[in-house]
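Next up: some structures, all given as structure tokens.
Two complexes are shown next, each including subunit A; its partner changes from subunit B in the first to subunit C in the second.
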Partner chain A sequence: MSIGVRVALGINQADPTFRRRSRLRLAAFISPIAFLLLWTWVTKIELFSPQLLVSPFVVLQAFHELLDSGELWEHLSISLSRLGIGFLIGASSGLLFGILMALSKRVEGFFSPVFQAVRQVPSIALIPIFILLFGIDEIFKIAIVTKAAFFTVALASYEATKGVSRNYFEVAQAYKLPTYTLYTKIVIPAILPPVLTGFRIAFSRSWTILVAAELLAADSGLGHMMQMGREVFRIDIVMVGVVLTGLIGFGIDRIFKWGEANLIPWRTA
Partner chain B sequence: MSSLNAVLSFKRDKVLAVQPSSQDISAIGKALSPVTLEIKNVEKSYQLTGERLQVLTGINLDVRAGEFISIVGASGCGKSTLLRLVAGLDAGYGGDIVYQGSRITGTDLNRGIVFQEHRLFPWLTVEANILLAFSATEIPKAEQKKRVQAQIDLVGLSGFEKAYPHQISGGMSQRVAIARALVLRPQLLLLDEPFAALDALTRLKLQQELQRLWEHEGLTTILVTHDVEEAVFLGDRVVVMESHPGRIKRILPVDLPRPRVRSTLEFQRIKDDVLTDFS
Partner chain C sequence: MAYSVSIMTTQTLSRFSFLNSARGWLIPLALLLVWEIMSRQSAENAYAFASIEQIYHGLIEVISTGELQQGIAASLQRAFFGLLIGGFFGFTVGAVMAQWRVADVLIGPLYHMLRQVPLMGLVPLFSLWLGNGDPSKLVVVCLSAFYPLVLATYESLHQVEGKYREVGDVLKLSRTRTFIKILLPAALPNIFTGVSFALAFAWLATIGSEILFSAGAGLGNIMMNAQAASRMDILIILTALIGLLGFLMNYLINQVGKYLFRWRNLR
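And now, the complex of A and B:
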């Protein structure tokens, strides 16, 4: 590889920061491997009864089994579509509501007390009420995801908009920026970094609460799959659900993180 | 009629204050140009936890078209507040600030302002930051682009059009801020301690550039600063303010040819004269 190409690709193995970074990247694999080894070892010595804790290999086998039967994909796609719809509704309405509440004293005065009180109620505590209100069908699950996403994103965008420097608004005033320009060119970019972080947290909360809701009341979805596994004492199926819940949450969190890093080219750090 | 009176009174002040110098043709030319900004009996106070804090009192100042006014004063004398009132960022004041015949009640694209911090938007490139100034205008896009490029060239930042503010130095950012204020071709330029946050060398360089831009554009300029040397170097007149409450102590004409040389005796004499107000 010519020097030019290497520079263009940002590869410079003589560069100590590159070496440190690649070593750090390797380090990220150590803890999962150690965890898997520990898990295997604990099942090997049968610290817990084999009916209660199965080895990673058995889980992998169950995973293949579920994958081949098409059952896994069915549950997964239903869960993800509930998550997608609920998150989309909750996050977008939360974003708008947060900005509005921060910019309008009237909206803030009217909604703030209820907003601040309701957001303290854990979503899981609302599951029984939501079941009563919406039944145990799709609407209830989407509603609970929407609730979790809405309050988290609304709070993030409210705080972020409140935090936009007065200096920026003064510049807008000096140049008589039209309202539309004020929002698209100044407010939205200014709140983007904290709002993206809010999206990440909201997503993780939505995902957690969805799986919990499916465990409690559902006839499909990843949570339901785990619940069924538990009922027929197939601990390996339960474990497939646990591992997938973690991996999917982790994966989507990574996508949000990537978005944070790449949608914000002006961030110096 | 009132403007004629103002011209006469200004001339009388001048005669009393200093001996007219033979090189001082430009200043006499300015003395004849019309008053463009009248500040009359301006008062400003803030309500602070039940107490009324008088920030400005009895401010009177006439500024002629094309004139460079420097306002100096210790921090807290209200000089920045006065500038913000002239900019129209704060319409709650007593008395009158009349610009081109009408009382100032809000901001206007005719009056450009540069703040102490550059206040560029970190998510916009140099070019986009300057382009933003056109948002409220009807000027065609192509014309906007052309003027932005010309302004970037004028402040010596060619090649940095696509750079983000964090990629350029503080001095360069402040130049972009000046370009943003000038691109709309305002007739009045307001500068609120624009070089205060810069290092000494950059400051000297930008003072010279500002002088060049001012001569090039021929615009009326009000500079607020706490740097006496800067005030004398750039101003046709230096307005000295004092605090509690903020008011004008005196107004000194600076009848020195431009570009001014800081090391000359005459420059030092005027600077020392201003400094006596602060001792």
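And now, the complex of A and C:
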């Protein structure tokens, strides 16, 4: 994996000391626990006003409250469904588009300049335009997630397909493989590892952009919950939101990582 | 035979290359045309699709009021200082983690824990803590440059080949001197790649934070004002400008990298 991909995903390839030695595994918990203790202590002596910082227990309490009232589930399921739908549309169309653009000179000639130009615009900068075009309803949020996923996956699959060695195609030609077999047996297995990595990056970008979109304009969703908490100065609700967005991003990234490790047994890196 | 075929293809390619580049213009022109037609259809459409004429007048307007220049200056400044401050701390933390095992064990897990929260998810928290203005924006931009550089520095220093380290051992260099004379120069090209990523993230965070924090100047703030006033023309100008500036910055930093590390053939 290139350093760029690792930076984008936050992966340490150089094994940290604590992972190499089993004796040190528990040491990995030292700093997070110390962090929580410091947090509790700071709130206990009220270094900052309780309006600005509340203890972890209060955050946990707010979490229970939101869970019991059913509010949290509502926001969470709406956010996740937006993410799922947008990501599915964007990633699948991006995958097809990327492969097509890499394999067909004609498609590349027509679309690559537009693609490369639009790619330069960060998704977040498109939010205001999307709001004007689509309003602030569901379509807007799904569209922005779709955009973020589409371009990332399209680029990854385009570059992956371009990177497939010509030798493979020549072998396929020598064996007179039908086009279908060429794709299922050669192209797809060859591009799978980098494309899955592209999925991972696309997912984390989609999640960030969705949270931003919900913060700006929404009547539901995790971002909206945080925004409401901020407006009524409920720092505990805001913090529940912060922790949850982190956990969800982390959890789904783990699923992709598991997929990378288990769906591609021949992967070396 | 193969030789002649390859010549044939290059010849045909060069003969039709203008056709290929013409193809590239076809879709943008068609889109532009559709856009223009849509904008002329009805008053309702004219509001969502700004005509080219409108966009041109909008451009003149934001330039003559000085709003655009001010916004560009504010955004570029924010991205630059964010990269500088966040990048400096990121480099320091990454280097310390790579050099001392204790720091690696202590900082690493905390870093990965805190990094999981999407930056934009931290916006409500920062707005409660630091307000809606420039301090909050700067913190978000700093963080966006900080995270990638910690990782890039840590990784690049770890990737330095063992034989270089051995040279340091043979010469009985102190740890500091090994770091300055051997590890850092060897890792620098890769760290610089990290810097170029940090720049891209910083630009993203600059625009994002300006969109989400309503107070102060910046391209993102102009966009949010334009959105509130339904000024599609201004939005299109600014969005294109943001893409262009990001592209130019990326190009510039890559050229700088090529120049600085011309002694390395790795890049």
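Going forward, the second predicted complex is superposed on the first by the 228 of 269 C-alpha atoms of A that agree within 3 Å, B and C clash if a C-alpha of one lies under 4 Å from a C-alpha of the other, contacts with A are read in each partner's own complex, and residues count from 1 in each chain.
Simple rule for what comes next: contacts are C-beta pairs under 8 Å (C-beta built on N, C-alpha and C of every residue); 3 or more make two chains touch, one makes a residue touch a chain.
Given the structure is predicted, the values throughout are model-derived calculations rather than measurements.
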Once the shared chain is lined up, is A:239 touching subunit B (first), subunit C (second), both, or neither of them? second
Which of subunit B and subunit C A:28 touches, first, second, both or neither: second
Look at A:229 in the shared chain and tell me whether it touches subunit B only, subunit C only, both, or neither; answer first, second, both or neither. second
Comparing the two partners subunit B and subunit C, which touches a greater set of residues in subunit A: C
If you stack the two complexes on chain A, which partner ends up touching A:70: first (subunit B), second (subunit C), both, or neither? neither
In the superposed arrangement, which partner chain does A:121 touch: subunit B (first), subunit C (second), both, or neither? second
Per the contact definition in the header, classify A:249: touching subunit B only (first), subunit C only (second), both, or neither. second
Quick check on my understanding: which residues of subunit A belong to both its subunit B contact set and its subunit C contact set? none
Hey, which residues of subunit C end up touching subunit A in the complex? 20, 23-28, 31, 48, 98, 101, 104-110, 112-113, 115-125, 127-129, 147-148, 151-152, 154-156, 158-159, 190, 193-194, 197, 203-204, 207-208, 211-212, 220, 223-224, 226-227, 230, 232, 235-236, 238-240, 242-244, 246-247
Parts of subunit A lying in touch with subunit C, wherever the complex brings them together: 3-4, 6-8, 10-14, 16-18, 24, 27-32, 35, 52, 105-106, 109-114, 117-118, 120-122, 124-129, 131-133, 204, 207-209, 211-212, 215-216, 223, 226-227, 229-230, 233, 235, 238-239, 241-243, 245-247, 249-250
Touching residues of subunit B toward subunit A in the complex: what are they? 87, 89, 107-109, 112-113, 115, 117, 119, 121-124, 132-133, 135-136, 164-166
For subunit A, which residues count as touching subunit B in their complex? 167-168, 170-171, 173-178, 181, 185-186, 189-190, 192, 264-266, 268
